[in-house]
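Lettered A, B and C in written order, each chain numbered from 1.
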Amino acid sequence: MNIQDKNELEQQISKGNKRKYFLESLSSKVFLACALLSVISLLLIVGFVFYKGSNPFITGGYSFFDFLFGSDWVPSEDKFGIFPMIVASIYATIGALIIGVPIGLLTAIFLAEIAPKSVAKIVSPAIQLLAGIPSVLYGIFGLAIIVPFLQNNFGLARGQSLIAVILVLAIMMLPTIVTVAETAIRAVPKTYREGSLALGVSQIGTIFKVVVPAAKSGIMAAIVLGLGRALGETMAVILVAGNSLIIPTSLTDSVRPLTTNIALEMGYAAGTHQEMLFATGIVLFSFILILNFVLARITAKGAQ
Amino acid sequence: MTMIVSEASIFNSTTSATTDTYATKIQVNDLNLFYGEKQALFNVNLDIKEKEVTALIGPSGCGKSTFLRTLNRMNDLIDGVRVIGNIHIDGENVYESNDVIRLRTKVGMVFQKSNLFPMSIYDNVAYGPRMQGIKNKKILNEIVEESLRGAAIWDEVKDRLKSSALGLSGGQQQRICIARAIAMKPDVILMDEPTSALDPISTLKVEELITQMKKDYTIVIVTHNMQQAARISDKTAFFLNGEVVEYDDTNVIFSTPKDERTEDYVTGRFG
Amino acid sequence: MRKFKDNMLRGLLWGSAFVSVAVLVIIVGYIFYKGFSYISFDFIFGDYSPTGGGGIFPMIVTTLLTILISLAIATPIGILAAVYLHEYAKQGRLVRMIRFATESLTGIPSIIYGLFGAVFFVAILKLGMSIIAASLTLTIIVLPVIIRTTEEALKTVPATYREGSLALGTTKLQTLIKIILPSAMPGILSGIILSIGRIVGESAAIFLTAGTVAAMPTSIFSSARTLTVHSFLVTQEAGDIGLAAAVGIVLIVIILVLNLSATYISKKLNKADY
């Protein structure tokens, strides 16, 4: 070993180390700060929305009960009841669930289990792509095709209606549900299938009795993700909802879900009116939290 | 197997080079180590001599690897590890010093499986020196060549220094790992079962290399393979349940161990 | 009997898949059918004129600007936050809290981000309806996406690389820069591409923070509309489905290109392991 080299190396080392330890502790602090930023933005958003939204009820003397269950929303007359919107949001989401979830899940099962490889190889990525396209495009399609179709075939004055919203949301959540559920089903170990098939259970029986239950938590995640997307969707819904402030009693009624109320009025709202839109946001937020909570419970159960 | 036949002759060569000719390089006093609440090492006392090969043997989970990793403080990377006791290397207390970087440049390590980076052979060997701030091309070239020669692999790779290190065979990769450690010009090299993933021929090459290297380095090697310990080491420490049961010249451990448990282990009665 | 049930279920699976694919093909087909005749060089690179027709170049520029600004802020913060969570933090309460926060951020609907941005960035920080206000809002939207994908990418870097590097007397920072980040780069890049997709597809949050001005932005403080908001507005205000569909084609092509590059990069990632 060359002694000169060795000395030089050692000198370099002792010279550089102080700076290195300094950089080491500095960098770890910077990294921590970045991580905290995400917490701060969450707190900021949640805190801000809740602060603004609760203000009318705390300092303005408005009743929260009347807000939730009042059926009149007339900002110019100081009337703020969002019950019709809550109902519209719930109906629209449940409707989309009823149509979109079964089709989406069955499609996912098809692609993961029984589709010929060549078919799955083309269809899966295509559906994944569709999960990524702007949701507005689904709304545009709804307005151009579904709305006129309803108008012409069911004798409606306007095609914009609850059923139009439901159809658009169901179509929109399809790619999300298919993609996430397919991944979950594909993740089920081969040995499960082999074990069942070896016992003489048919392929279809194996899929529904063994594979799907094994992928349950992933499938639930897919459903909740899809529902979250439907519940939070705004712009596509504006185009096909009709935006009337009535409590829907039939599928053909024009509706205004929570999200569209915020988007439509935020541009010009001020004062209490604006704060009431934040309060609308709180309600929406609570729905999402409940959904996520349900998901967390289900995944925790699935993990056991 | 031929390895067993040659055992006796290697014994002879190791005895001639042993005991007290060299100074103590690493001194371990009352070393205890805890993973959280669980104690993994109990009162370990060892004097490791300079320019010798010291083998650590024992059944899996006995703490030999954990002990090895205290010598360059690699256990620091694990959350909740506590070390009580002293390790002096060249008279300097390892766990009192704050300069882990200097410790690790002085005490190199070779791992169970090759962990070369996804870079060229050259960049792998030059990585350590570069990180110490050596930029001069000529010096780096010298270090790389010297290290690869030191790891007896220069002739095999000198024409492909710029190609990926991950394209080499397992045995070659492990020798590049040794070269990478040598490039830091360490005094001590720790080896954690360096041949456990290699075929017999590659294993022999690495063993040959280790025997050559001890004229320049103090080597501490963890091994599962008792023949290997017998072939290449001067001293052997037998670990059991986190304690050093017996530590002596290798030929003593393998021929006339003092402790019954050591005898049981080296004769293959458990492990 | 069982055979009959099996066949029925099999038929149901084929049927559902057929419906899904058919609906999605019809949507994309319709958008291309309606919009294709609008696509021309002038449409893409021409200025917009409110009197009918007109190009979408201002919206393309606005979209690019929002992507650039929000990624310029979110990418470094997101990557470093993920590095902290995965490489530095002792697993405990703080880390659980940060993870919970980032996961919750992913679940919030974009209209709520818009609500927040419209008052916080636009009014309180006095940025006005502007590209910068929209970009800051988008930063918060994509931050959790980048953190999560980067963390996933860091998980794929073998622990032995870290040990190997640290055992050579390098610092964590050196190991991070020279070994870990380069190995995780493909995964990080596909996360960034995903975020671009999210920004391009975003409408509600931008609608409330950037406004609707259909002109070439003169600075990042100009109000402007992105492609997605534009396709919404020409539908809602002018009922011009053809024009909206043409913008839709551009959007679909952008998303397609983004997806293909993400797939390409992650394929490269798998090859890089030899």
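Keep in mind that, in the parts below, a residue touches a chain if its C-beta (ideal position, glycine included) is under 8 Å from a C-beta of that chain, and two chains touch if they have at least 3 such contacts.
Note that the structure is predicted; figures quoted are calculated from it, not measured.
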Per-chain CA centroid nearest to the all-protein CA mean: C
Distance-maximising chain from chain B - centres being C-alpha averages: A
Interface with more contacting C-beta pairs, comparing A-B to B-C: B-C
Whole-Å gap separating chain A and chain C, where each centre is the average of the chain's CA atoms: 14
For chain A paired with chain B, centre-to-centre distance based on mean C-alpha positions, whole Å: 54
Centroid distance [mean C-alpha coordinates] between chain C and chain B, Å: 49
Residues of chain C touching at least two other chains: 169, 171, 174
Where chain B touches two or more other chains, by residue: 101-102, 105, 132, 184
Two or more partner chains touched - positions in chain A: 13, 20-21
Contacting residues of chain B [partner chain C, same complex]: 72, 74, 77, 79, 100-106, 108-109, 111, 113, 115-118, 127-128, 131-132, 164, 166-167, 177, 180-181, 184
Of chain C, residues touching chain B in the complex: 90-91, 158, 160-171, 174, 178-179, 183, 272-274
In the complex, chain A residues that touch chain B: 1-2, 5-6, 8-9, 12-17, 20-21
List of chain A residues in touch with chain C within their complex: 13, 20-21, 23-24, 27-28, 30-32, 34-39, 41-45, 48-49, 52, 102-104, 106-107, 109-111, 114-115, 123, 125-130, 132-141, 143-145, 171, 174-175, 178, 202-205, 208, 228, 231-235, 238-239, 259, 262-263, 266-267, 274, 277-278, 281, 284-285, 288, 291-292
Chain C residues touching chain A - in the complex, by the definition given at the top: 2, 5-6, 9-10, 12-17, 19-21, 23-24, 27-28, 30-31, 34, 76-78, 80-81, 83-85, 87-89, 97-98, 101-102, 104-105, 107-116, 118-120, 140, 143-144, 147, 169, 171-174, 197, 200-204, 207-208, 228-229, 231-232, 235-236, 241, 244-245, 248, 251-252, 255-256, 258-259, 263
